[in-house]
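The first chain written gets the first letter, and so on, giving A, B, C and D; residue counts start at 1 in each chain.
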Amino acid sequence: MQFQYDARTEELREALLDFMGTHVHPAEAAFHQQLERLENPWAWDSAPVMGELRAEACRRGLWNLFLPGEEGAGLTNLQYAALAEISGRSLHLAPPAMNCAAPDTGNMEVLALVGTEQQKKQWLEPLLAGEIRSAFAMTEPAVASSDATNIETSIVRDGDEYVLNGRKWWITGAMNPNAKIFIVMGKTDPTADRHRQQSMILVERDTPGFEIHRGMTVYGYDDREHGGHAELSFDNVRVPAANLLGAEGDGFAIAQARLGPGRIHHCMRAIGTAERAIELLCARADERVAFGKPLAEQGVIRDWIAESRVRIEQLRLLVLKTAWLMDTVGNKGAHAEIQAIKIATPSTVEWILDKAIQVHGAGGLSQDFPLASMIAGIRTLRFADGPDEVHKNALARVELRRQAGSRTKH
Amino acid sequence: MQFQYDARTEELREALLDFMGTHVHPAEAAFHQQLERLENPWAWDSAPVMGELRAEACRRGLWNLFLPGEEGAGLTNLQYAALAEISGRSLHLAPPAMNCAAPDTGNMEVLALVGTEQQKKQWLEPLLAGEIRSAFAMTEPAVASSDATNIETSIVRDGDEYVLNGRKWWITGAMNPNAKIFIVMGKTDPTADRHRQQSMILVERDTPGFEIHRGMTVYGYDDREHGGHAELSFDNVRVPAANLLGAEGDGFAIAQARLGPGRIHHCMRAIGTAERAIELLCARADERVAFGKPLAEQGVIRDWIAESRVRIEQLRLLVLKTAWLMDTVGNKGAHAEIQAIKIATPSTVEWILDKAIQVHGAGGLSQDFPLASMIAGIRTLRFADGPDEVHKNALARVELRRQAGSRTKH
Amino acid sequence: MQFQYDARTEELREALLDFMGTHVHPAEAAFHQQLERLENPWAWDSAPVMGELRAEACRRGLWNLFLPGEEGAGLTNLQYAALAEISGRSLHLAPPAMNCAAPDTGNMEVLALVGTEQQKKQWLEPLLAGEIRSAFAMTEPAVASSDATNIETSIVRDGDEYVLNGRKWWITGAMNPNAKIFIVMGKTDPTADRHRQQSMILVERDTPGFEIHRGMTVYGYDDREHGGHAELSFDNVRVPAANLLGAEGDGFAIAQARLGPGRIHHCMRAIGTAERAIELLCARADERVAFGKPLAEQGVIRDWIAESRVRIEQLRLLVLKTAWLMDTVGNKGAHAEIQAIKIATPSTVEWILDKAIQVHGAGGLSQDFPLASMIAGIRTLRFADGPDEVHKNALARVELRRQAGSRTKH
Amino acid sequence: MQFQYDARTEELREALLDFMGTHVHPAEAAFHQQLERLENPWAWDSAPVMGELRAEACRRGLWNLFLPGEEGAGLTNLQYAALAEISGRSLHLAPPAMNCAAPDTGNMEVLALVGTEQQKKQWLEPLLAGEIRSAFAMTEPAVASSDATNIETSIVRDGDEYVLNGRKWWITGAMNPNAKIFIVMGKTDPTADRHRQQSMILVERDTPGFEIHRGMTVYGYDDREHGGHAELSFDNVRVPAANLLGAEGDGFAIAQARLGPGRIHHCMRAIGTAERAIELLCARADERVAFGKPLAEQGVIRDWIAESRVRIEQLRLLVLKTAWLMDTVGNKGAHAEIQAIKIATPSTVEWILDKAIQVHGAGGLSQDFPLASMIAGIRTLRFADGPDEVHKNALARVELRRQAGSRTKH
C-alpha cells in the first residue's frame, strides 16, 4: 500500500495546474460575460474565450486525457482521477477546455468501445477533435429513472431502419445546437430478459420527428454553461439500422460499462469543487471582520474548516481506491466501491459548500461568487443514476449478503 | 395554558383557507406565466391575475390583516401568526394578494408607529390602499450586516435637507418600479452612542443621485415575484428634512421595533411553506412507484415524513408562544424567544424541503414543482438580520447570564 | 391559545422547587453513599435519607400528585406535567420521594382505574401509602417488544386459579425486594382477536414458581437506584382468579390506557434532566479555563448552549400540548402527539447530555458528575415501548392517511 | 498509489485472523466470567484464560508486533496498523494477548527510544516478556488536559533523587497491582520555555508517598478488563535520579513522539471494533423478525448498514495513509493527518455502534452483547489527548495557514 501519485500523474498534474493558473481561472469572468451575449445562449462552445482555451489545452497536450487505450491518452482511471479533481476547481471551463466534459466523455468511451468503423469515423473522430458535441438520452419523465429496466422509449426495427418513439428529460448538453449526435436508450424487445430488452442507438439532431422542447432548471439555473438539460421527444423518428450501437439487447450492458469511469470523473471533479470552496471559505474567513475579529478566529467557523478538511481527505482516498480497483479488478470487482462513492460524494461536498456559502453571507448565494452555482450542480448528483437512497439500499444488500456468507464459513 | 386558537382566529383562518382554495392556489400557474410576459419583469403587481387577487382579498376583508391598532385589522401577533402560516403555503401570491407582503408590512408598521401626519398621508395611505410598493434599505455590501451599528451610509443635515451617501444591497422589492418609497437607514452622528448614531429617512425612488444598479440572484433565481433584491447607491441624494422618521438617532430603536413582528411573519410563513412541502411529499410518495411499490412504503421515506411532522409541530408551538409573549410582555420580554425562532426556523424548514425535493427526483429541483424556489427562499433566512451563528452566540450569552444569575441566588 | 401555567400549577411548582432546593438536591450525595452500604443493594427505599425525603414530601403535600381523580391529587395531565419536569432534575431522588416514580405510578393508575375493591384495598392502598413497591412485567426477551400482540407468556384458567408460564426481562424495579406485587401481561386466549388475546394479572413476589434471575445493565449501570431491571420467569405460577385485572382480553386496552400518562411523565422528567444538564454545562463552561479563557467564550460551546435551549423549548411545548390534548380530547385524540413526543424526546435530550458531558471532559463520563448516568437512562427511552423507528413508521402512516384524506376532499 | 497490503502484512493478517478465530473469540465469555471471580478484580492478567492466550500468541509469533526496530518485530506503522485493526475486534482480549495493549505499548516505545541500558534491563525487558504491566501518568484533574503544558505535578531534584508532588487521574491500567512501573510526567523547571518545562520519570508502584485512590468509571464501567483508570497522588515521592527518562526538559518531546503511533493503534483498533459491530448488526438484522419480516428488510436499517460501510471504508483509508506518512515522512510530516484521524475516528465509530445497539433492542445496552461496553470505550476517545474540539481548532489553524500561504504564492 502506498499513497503517492506515480511520476506520470505528477507530471500531468503539474502541467494541468499551470494551465489552470495561467489560462483557466483568469478566463472565468470573461466566459460568463460572453455567455450572456451569445446569439444562442445554449451554444457555450461558441464563446470566443472557450475556443481559445480549447486551442491552448490541445497545444499543451491536455486534450482527451479521459480516454484510455490507443485512441486516447492511455491513462489509467487512477491517473486520470487526479486530473479530473483539478479540472473540478473550475467546473464550467476546465473540463470542456480539455475536451473532457460529460456527457461527451462517456459517449466517446461508448463509441470507442462498441462503435463500428463507420460510426467511429462519422462521430467519434469529430468528437475527439472537439468539432461537435453530443448527448446521452436515457432518463424519462414518466418512470423512476433509478431502474434502467423501466425505460419506455421504443426502438422498433422496420426494414433498414429503426423507428423511435418516446420522451426523455434531463438530457444534459442537448440544448446546445452544436450537440449533433444523441445516444438514445430504448427498448427493442420488451419481452426479452430484464437486462436484454434495451438497446442504444445513434440519432442525429436534425432527424425528423425528434424535437427538443425546453430546458429544465436546477434551482434557478438553466445550466447553459454546459448546454442545459433538455426535455425532448421522439415521434416516429427513423434512423438507419446501422446506427445501432452493438447488437440489439446490448443497451443495459453498455450503460453499465459507461457508468464506472463516469462515476469516478464526477466524484473527483466534485472533490475539486469542494477544494475550491474550502479555498474561498478560508480566504473569506481571513479577510472578513465581524465583532472586532476576523471570522477565521470564530470557533464555529474553525470547526467547519476542520470538518471540511477531514471529510474531503477521507472521501478522496475512497474515490482513488475505487479508481485503482477498476484498473486492477475491473468494474465488476469495484462494484460496491462505485456505489459507495456515489453515496458519499454528494452529501459530503454539499455540506462543505453550504458552509462556504454561510461564511460568505448572502453574497454567497448570489452571482458574485461561484458557490451557489456549485451547490446546485452538486445537488443534482444526489439523483444522478438514481437517488442515493436506492444505492444505499443496494449497498446494504451486498453487505448483508457478504456478512451472511462469512458467518456460514465460520 | 391552552392550545386552541380563539374564535376570531378560527373565523379568519376559515375565511383565508377558503380564499386560498378558491382563488390563490388556482391562480399560481397563471401568475408565473404572466410574469414571464410583463414588459418590466420586476413589476409583479402589474400581472393581471395579481390585481384580481388583490381586489378579491380586499372584498373579502382579508386585507392589511398584519397591521395592529386602529389603522389596521387590530389583530394580535398571535392571531395574525395563524394567518401568516396559511399565506406561506403560496408564498408568491397569498401575502401580496392580502397586502401583507414584506417589506411593505414592516414599512407600514414603521410609518404607523413613528410617521408624522404628513408622512402618513403621503406614504402610509397609498401603501395601505395597495397603490404603491416600498423598500427598506439597511444591508450594506462592505460590512457585516449582522451588526446594525456597522452601517456606513451617511445622512448629513444641510439646511432644510438631508444629504445621503452610501451603498446598499439585498434591498428586497426595490427592482419593482412601483416601489416608490424607500426607508433608508444611515448614520446621522457617527460620534454618538453606539445605538444613537443611526437614523431612518424616507427617500423617493426618483430622487436625483439615487441609483438602482442590479438585482442579486439567490441560487439562480432573481426573485422577480417580489421585486428582486437590488444593489443601489446614494450619491449626494438630497431629501427634505421632513422626511426623517422620528428624531435623529432613533434609527436603531425603530429597526428593533420593526424586527419582532417581521420575525413572526417570516417564521410562520416558512412553516406554511413546510406544510405545503409535506403535502407535496406525501402526495408524491403515494403516487410514485419504484421497485414494485409506492415510495410511501419505503422505510426511509416514512422516516422523513415522521421527522418532518415532529419537527414542524415543535417549531410552530415555539413561534406561536413567541407571538403570545410579544402580545403579553412586549418585544423586550420576548427577546430570547425571538432569537430562538430565528435560529430554529430556517434549518428545520430547509431540512423538510430538502427531503420533499428528494422524493420528487430531479423534477423536484426544476421549474415543474415549487420546491426548488421554496428552498432558495428559505436558505436566505439563514442570513436574514444576520447569520444564524451570530444569533446563536447571542442567545448563548443570554443563557449563560441567566444561569449564572440563578446560581448566585442559591 | 395562551402559554402560562394556571395558578394551581404555579403554586405547586413553587412548593416543589422549594422542596428540591432545601431537601432533594442536598440529599443526592448521601443517597448514593447510603446505597453503597445497603445490605440488599437493590432496596433503595431502605436508604435512610430516602425515608426522610418521603416523610417530608408527604408532610408538604407533595405526595401522589401524579394520580388524577379522587384517589389522587386530582391534577390534570397538564398540571402534573409541569411538576414531573421539576422532579426530573433529580431523577433518582425526587420522583420516589414524592411517591411519583415509575413503574409504581402506572401500576397505581391501573389499579385505580380497573381494580376491584379487594384489589384496591390489598394493593393500591399500601402503594399509595408508599409502604410497598410494584413492578410491571410486559417485555419479553424472545420477541420484538415493539408489538404488544407478540407477548408469549401464557395465563391459563384452571378452576379458581390462573396458571402463568413465560419469561420477561427489563422489568424495572423488580430487583428491589420491596416490590411486592407485579402486574403481569400475558395471553389468556391466543385465538381471540389480535387485541383481545391479552390479559393482565396480579402476581405476588413470593408466589411459588416465580423466579427473579438477574439484573440487566445499561451501559454498565445496574440502576439499583430504582430497583434495577430484572429478568424473571414464571414456571406454572398459580394465582387466585380474583387477581385478574378487569376481564379476560382487557390486557391490551389497559396497556394502552397506562401508556399515555406514562409517556408524558417520562418526557417531562427527561426535559427536567436536560435542564439540569444545561445548568451543569453552563456552570462548567463559566468556570473551566483553557487556552487562556473560560470555555463559555468558545464559539463551539456557545453553539451547543444555544441549540440546547432552542431544542428544549420546542420539545417542552410539544409535550405540554400533548398533555393538554389528553385532558381535552382524551388519549385517542392525542394519539399522534403521544407518538411524536416519544420520538422527539430521547434524541433531543441525549444530544444535550452528550454536549454537557463533552464540556466536562472525561470527568463527565465518570461517577463524579450525574451526566453519564443520565445519558444511560435517556438512551433506554429510544427503546421504551418499542424502538423509535417503529413509532416513526406508524406516525408516518397516520400522516400519509391524513394527507390522502385531505387531498380527496379538495 | 496502490491499495494492497504487502506480502508480510497479508501473512501476519492471516496468522492473526486464525488466532482470533481459534483462540481469542472462543475465550471471550470465559475471560469475563473469570474476571468476576478474581481475588483482585483489577488483576486481569491473572485470569487463567488470559495466561493461556498470551502463551499461545507468543508461540505463534504474534507477540510485541507493535514495536518497530530490532527490539521488536520491525514492522512499519502501516504494517502493524492492519494487525491493530484485527485485534480491535476483541478489544479486551486480543491486544493484551499479543502484549500489544496500551498503555504498555507506548511505555515500551518510550523505554526503547530514550531508556538507558539500566532502565531497559530493569523495565523494558520484563515488559517485553509480558511479566509486568505499566502505566503512564500524565492527565491531571485540576487542569485542562488538552494542553500538556498545563501539567502541575512537580519533579524537583534533591541530591541523587527527584521528589514528586502532584495528583493524576484517568491513569489507565493503574488499578492492576501488576502494573509495577509508572512513567510520570511533571515539571522540572516551570520557568523554562513552554515546551522544556516537563520531564518524565520512572516511579515504582510501591514507592512511599505514591498512593492509588480509586478507579474512575466510564458510563457505569470500571474497565477492570484493562486495569481501570486510577486517580493517584504523589506526596513527596522520592525516586533515584537515574530514573529520569532522557534529560530534564525532554518530557514534552517524548510525549509527542509517543503520541503518533498510539493514535494509529487506537484508531485502527476502533475500526476493528466498528467492523465487529457491523457484523453483529447484520447478523441481528437477518435473524430478528418484526412485523412479519426480518429487520434486514427495513429500509431505515439498510440505510444504517450502507452508511456504516461507506463511513468505515473512508476512515480506514485515512488512518492507513497516516501510518504510511509516519513511515515515510515522519511524525512531523504527518501532523495534520494525525490530528485528522483523532477527530474522525471516535465520532464515526460511535455512530456505527449506536446503530448496532439500536438494532439489538434494549439487549444491545446490556451485558448480553459487547456493544454497550464498546461504545463506552469509544466515547472516551473523544477526550483522549484532549477533546476533539481542541484538535479541530488546531487543524483549522493549520488549514488556514496553508491556504493563506498558497494565496500569497499566486
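In this text, contacts are C-beta pairs under 8 Å (C-beta built on N, C-alpha and C of every residue); 3 or more make two chains touch, one makes a residue touch a chain.
What you see is a predicted model, and the numbers here were worked out from it, not measured in a lab.
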Graph distance between chain B and chain C, where chains that touch are linked: 1
Interface numbering overlap (same over half, different under half) for chain C and chain D: same
Distance between chain centroids, defined by C-alpha means - chain B, chain D (Å): 54
Distance between chain centroids, defined by C-alpha means - chain C, chain D (Å): 38
Whole-Å gap separating chain A and chain B, where each centre is the average of the chain's CA atoms: 38
Junction residues of chain B - those touching two or more other chains: 298-303, 389, 392
Touching residues (chain side chain B, partner chain D) in the complex: 298-303
Residues of chain C defined as touching chain B within the complex: 1-6, 21, 78, 278-279, 282-283, 285-286, 296, 299, 301-303, 305-307, 309-311, 313-315, 317-318, 320-321, 324-325, 336-337, 340, 343-344, 389, 391-393, 395-397, 399-400, 403-404, 406-407, 410
Residues of chain A defined as touching chain B within the complex: 139, 141, 144-147, 170, 216-222, 288-291, 298, 300-301, 358, 361-363, 365-368, 372-373, 375-376, 379-380, 382-383, 387, 389-390, 392
